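What follows is a pair of complexes built around subunit A, which joins subunit B in one and subunit C in the other.
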Partner chain A sequence: MPLRTTKPKLAVWKFSSCDGCQLSLLDCEDELLAVAGAIEIANFPEASRAVVRGPYNVSLVEGSITTPEEAERIHKIRRNSRIVVAIGACATSGGLQALRNFQDVDELSRLVYAHPEYIESLNNSTPIGDHIFVDHELRGCPVDKAHLVEVLSAFLNGRKPNLPNHAVCVECKRAGVVCVMAAHGTPCLGPVTQAGCDALCPRYNRGCFGCFGPRENPNTAHLATWYLDQCGQTPEEVIRLFRGINANADPFRRESLRHES
Partner chain B sequence: MKAKIAEKKTTMSRTIRADYLARVEGEGAMYIRLKGDEVREVKLKIFEPPRFFEGFLRGRSYLEAPDMTARICGICPVAYQMSSVHAMEQIAGVTVDGPIRDLRRLLYCGEWIESHALHIFMLHLPDFLGYESAIHMAPDFKAEVEMALTLKKYGNELMALVGGREIHPINVRVGGFYKAPARDEVRGFRDKLIWGMEASRKAVALVAGLEFPDFEQDYEFVAMRHPDEYPLTEGRLVSSRGLDIDLSEFENEFEEQQVEHSNALHCVHRERGNYFVGPLARYALNYDRLSPAARELAVKGGLDPVVRNPFKSIIVRAVEMFWAYEEALRIVDSYEPPEKPFVETPPRRGTGFGCSEAPRGICWHRYSIDDDGLIIDAKIVPPTSQNQRTIESDLREYVKGRTSLSDDKLQWQCEQAVRNYDPCISCATHFLKLTVDRG
Partner chain C sequence: MFILEPDGFEKILDSLREKGYRITGPKLRDGAIVLDTIDSAASLPRGVRDHQGPGRYRLEETGDDSWFSYTLGSDSWKKLFFHPIKPLFKTTRDGGLLQIEPEPPREGLKALIGVRPCELQALAIQDKVLAEGEFVDRHYVASRKGTFIVAVNCTVPGGTCFCVSMGTGPVADRGYDISLTELGSNGATRFVARAGSPHGEELLAAASSGKAGESDLQLEAELLEAAAGNMGRSLDVEGLAAALAESGDHPRWEEVAERCQACTNCTMACPTCYCHTVEDSTDLTGSVADRTRVWDSCFTADHSYLHGGSVRETRGARYRQWLTHKLSSWHDQFGGSGCTGCGRCITWCPVGIDITEEAQAVRGTARG
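Entry: the complex of A and B
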């Protein structure tokens, strides 16, 4: 074993999350050994006891900030990492747990715990980018394995990741998937959601529920009107649709608030 | 030198700690305080932040439960999806049968295979062989690691085949699926499953040859039991101490307690305290429901019909992985797509219960919904919160006879004792980190 290694160091960090996004890395069964050969996995507690000190070339950060401790810890990671990539809906918008942002946390805590005083929690679940500078955001709940591999190889080779930024709708059109909204009146967030899943839900005859988060400049108001007028949705249903896995992403948050009376 | 340390240890107190437990899902720590040979304190701390799922499920549609509860855990999303859809279907007064039920079992087999392969080879085996991780193991055990990755991959592929993707499948809905996979796609999976059965046999032989510490405990095992199947999604709750109840009676027998050192609730039996869920429990209580081939494999792996050494859970997991491949093959070979992929479940006021055998133990859910199908109240008891107290008691008992070990050794072995349970901390808070304090 050489004392010093020249391989770039990768670290994986977890904040408030379900572990699904970092599991995606272990799910790259075909690439895992090659990845492990090309880079040094310096910190990845879910997979290894070994801990190598920073600084790290790339840090993958999963999860959202929901406690005072997390709000502190993320800064240390930034200081110790050349590149920080936020992975998944939790890290890029606050995740499903950001539903707390629309409610009273003390009350939620009382609902779940007999002694809420033992629980330390912030009022809001916020994305990593609200706290530190993030070099790249990878969307999805969970992130797509191929995107993860692309982002890693891009940063390790000093280039920009090549990832889609159009809408899920476009993926449907390209793949010749029948529009669930036009054909069945099924409300779908596809027009305002960033591509990357290859129109997975519409392929399965269901509407997109926005797990990749809002695309750039989404016309959420127009879409909401469509839901109300053409899909026969109630304002409450429209709120629930925008207030899902990416509830705290700005365009989705604002749209859901607009329908609260 | 050795004698000197031993002498010191009888007079001094020390701490063994792991501030961030590795190779478990989620964030936890272990803390053990010793005074001489006496174990003073054992804590499994769970600092995984709470995410308040039960709280924000209120006011959501019953149809959203499978997509929302899946996000409690990226390792066993199907467990949450299955427990929640069964509860909602009970409220609707609907039973799902035939090919839809088979597809659910197929999806769940995929999750068992993926999760068991991950735990056996990547999270647990490195402890037995003295490696920090499977990746560190790979240069010396290349063929084994490659076999493990393929075993795991096929589990994932099965989940993607039925569920649309491996993590947080999108195809599951209350009443069934959005879309049934085509006959040829499913039947085409046959060869991979046959390979998986063979590889699982090798896995059993491999892990059965490991060295196991001499450690047995008299647990109360709790698992589901079905009239004719090894349990996955349906059945009653039974225990090795005579419990035999309907899912709806869970709260009469068990209660969740909050402790100051953990963000995860501890679930205990109201009278008998801690109990054990997961592979050892399932196996002990359903040995007669395993297929003949799986039972034969268990015997070959040196297992008795009841296994009380938690370190041997690695063999039981490998037997269960074989069973899951075999069960998947049975389903695949007879698959004909359902006419309609789901059963209608109109909203109806009521309370329903769902429970399923997640790879790491029972995952129990209760929901109440109103006339419009909005969730009024939700309660979710994940497997790891049920095992927490038993893990602490294992640690206490395990350390007792081994206080002469060095801190490093003791810490590693204690970590291994925790990993016996394949704890999923993300689940438990809706739970791990390690510390041994000799001070």
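Entry: the complex of A and C
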């Protein structure tokens, strides 16, 4: 391990998000003590209001870019950080709020707000990586706390984070879960979704919702064909399957658009 | 050859348990047959059969009292010996010293109830790969030692079974301590039982209700012959290994890539696939590191990651690697086929890709 004289500074930043990913970090109670021993927490809105000035060794960025102000602020963070890690579905694909990318945002504002003229919002919700260079993307909705610790630990120990890019099916079979597609005909996004949740939904007899986003080399087209032909899904249902938490992730977005008539 | 009645079956389980065996057998869970610890013969599924097809598995009640009218679920016995997640060692930094604490191999008597003939072959293949070659997996060897096997011949083959083509079933001819063939149902289930070891002989002599008669053996032969004629699938293996070895640039691989998800289900469910990877993790202080071995598959990108990238980037290349290893290069490597004809890869492929169909398609138009 490299010898360190000063503790590396860690900052956590929030953009358009629900704070759930930051809470995953707070939830690392035992690990957090070790984190606090190894790292100086310089900015972490969910944990403390104190802000230590940059530059930062690692910035964890939660949330997507949805306003002009955010689109500017993210560049400041990049300039002040050695490593930027985008955490969670919002920061890595645009999140659930990216559902608006498929709608007319002005019309939505008029429907929702009494004074839409005060709303200053971008037409699309976009991931951090669309705006700045991101060193690492940590998927999940929310991120898994063990993965967060793994990324920080890899950084502190100067090695590559050990996180999978294969399908959820791998975790499903390692755990001995009965496949909901084959045994029940339930549509499941597992084959095209990156592992990381330990097959949480299939364990409870549900199809995967795609929280960890598209895996390496996903074949969404034929999976959708199977949903239509063998799982009795309508094109509208197929759109809803792909248009969820990671609706704006490229392979999922293109697949849902393919089924719009 | 003995006749075993249901109470004799229970007696065998009892005496195994008394001798300290942990008993694993089929159980019903989440709409499928899984392999789990069982307490008594009463916890075995009764009166169910399976309907299996490409990407499809459903159970149905038969309305009778049959014991073994179903075949295989996605679980295979390999999980008991070649564990899906296996800690290997823990390293601790103690001042300037590294302490390495290896995971001790776990022994223990195990009894496997309801092992199908194709599964006996799968165990033999894994023994060859993991225990009998140049490199021996001590965890596998330890957990495989002291295994007592009660095999069940198949009278109702599944819709994706093709053991007859692979020469592995539907009748067990070796590799068991006791083998059973179920005769009749309608509340009158009985088994023709054979011993394959002295231990099996001893248990059967104590538990059976006598020797099998001429008519029992006649009925058994008829049932098993009918089963052999009832395979859900078939595969012509004559000259197949050689044809596949020449098929590297066959257009079918690109075509299957359009359907294949590279999801790994076929390999994870396959009872002979043995690929694995090791994962290291460290704690935040960098003073403890663990190494764990986990099931891996030729369908992941990382599996063929060498310096600079993955050797098999496309799904077509991954599928080709898998199919040609099973049915062709396995012969060169281990002196036999890597496929037992169990059909799991067909049933549990979420998009129903059928190894028999793909192999046939490649061979049909292959050179050589």
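Basically, the second predicted complex is superposed on the first by the 256 of 261 C-alpha atoms of A that agree within 3 Å, B and C clash if a C-alpha of one lies under 4 Å from a C-alpha of the other, contacts with A are read in each partner's own complex, and residues count from 1 in each chain.
Just so we're on the same page, contacts are C-beta pairs under 8 Å (C-beta built on N, C-alpha and C of every residue); 3 or more make two chains touch, one makes a residue touch a chain.
Computed from a predicted model, the values in this text were never measured in an experiment.
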Clash or fit (per the criteria above) of subunit B with subunit C on subunit A: fit
Subunit C versus subunit B, contacts on subunit A by residue: B
Subunit B versus subunit C as contact partner of A:Arg240, first or second or both or neither: first
Which superposed partner A:Arg100 touches (first subunit B, second subunit C, both, neither): first
Contacts of A:Asp19 with subunit B and subunit C, given as first, second, both or neither: first
Touching partner for A:Val52 - first (subunit B), second (subunit C), both, neither: neither
Subunit B versus subunit C as contact partner of A:Ala71, first or second or both or neither: neither
Inter-centroid angle subunit B-subunit A-subunit C after superposition on A [Cα, multiple of 10°]: 110
First, second, both or neither for A:Asn205, with subunit B first and subunit C second: both
Which superposed partner A:Leu228 touches (first subunit B, second subunit C, both, neither): neither
Shortest span in Å between Cα atoms of subunit B and of subunit C, once chain A is used as the common reference: 10
Common ground on subunit A, meaning residues reached by subunit C in one complex and by subunit B in the other: 205
Footprint of subunit A on subunit B - complex, ascending: 20-27, 47-56, 58, 60-61, 64, 67-68, 71-75, 77, 118, 122-123, 126, 132-136, 138, 145-146, 149-150, 152-153, 156, 164-168, 170-171, 173, 178-179, 257-258, 260, 263, 265, 412, 415, 424, 426, 430
Subunit A-touching residues of subunit C, taken from the complex the two chains share: 29-32, 34, 55-58, 73-75, 79, 84-85, 258-265, 268-269, 279-286, 294-297, 299-302, 313-315, 347-352
Contact footprint of subunit C on subunit A as seen in their complex: 1, 31, 34-35, 37-38, 149-150, 152-154, 156-157, 159, 162, 164-167, 169-170, 173-179, 181-185, 188, 190-192, 205, 216-219, 221-223, 226, 230
Residue ranges of subunit A in contact with subunit B within the complex: 14-24, 26-27, 29-30, 32-33, 36, 41, 44-50, 66-67, 69-70, 95-97, 99-100, 103, 105, 107-109, 111-115, 118-119, 121, 141-142, 197, 200-201, 203-206, 209, 211, 237, 240, 244-245
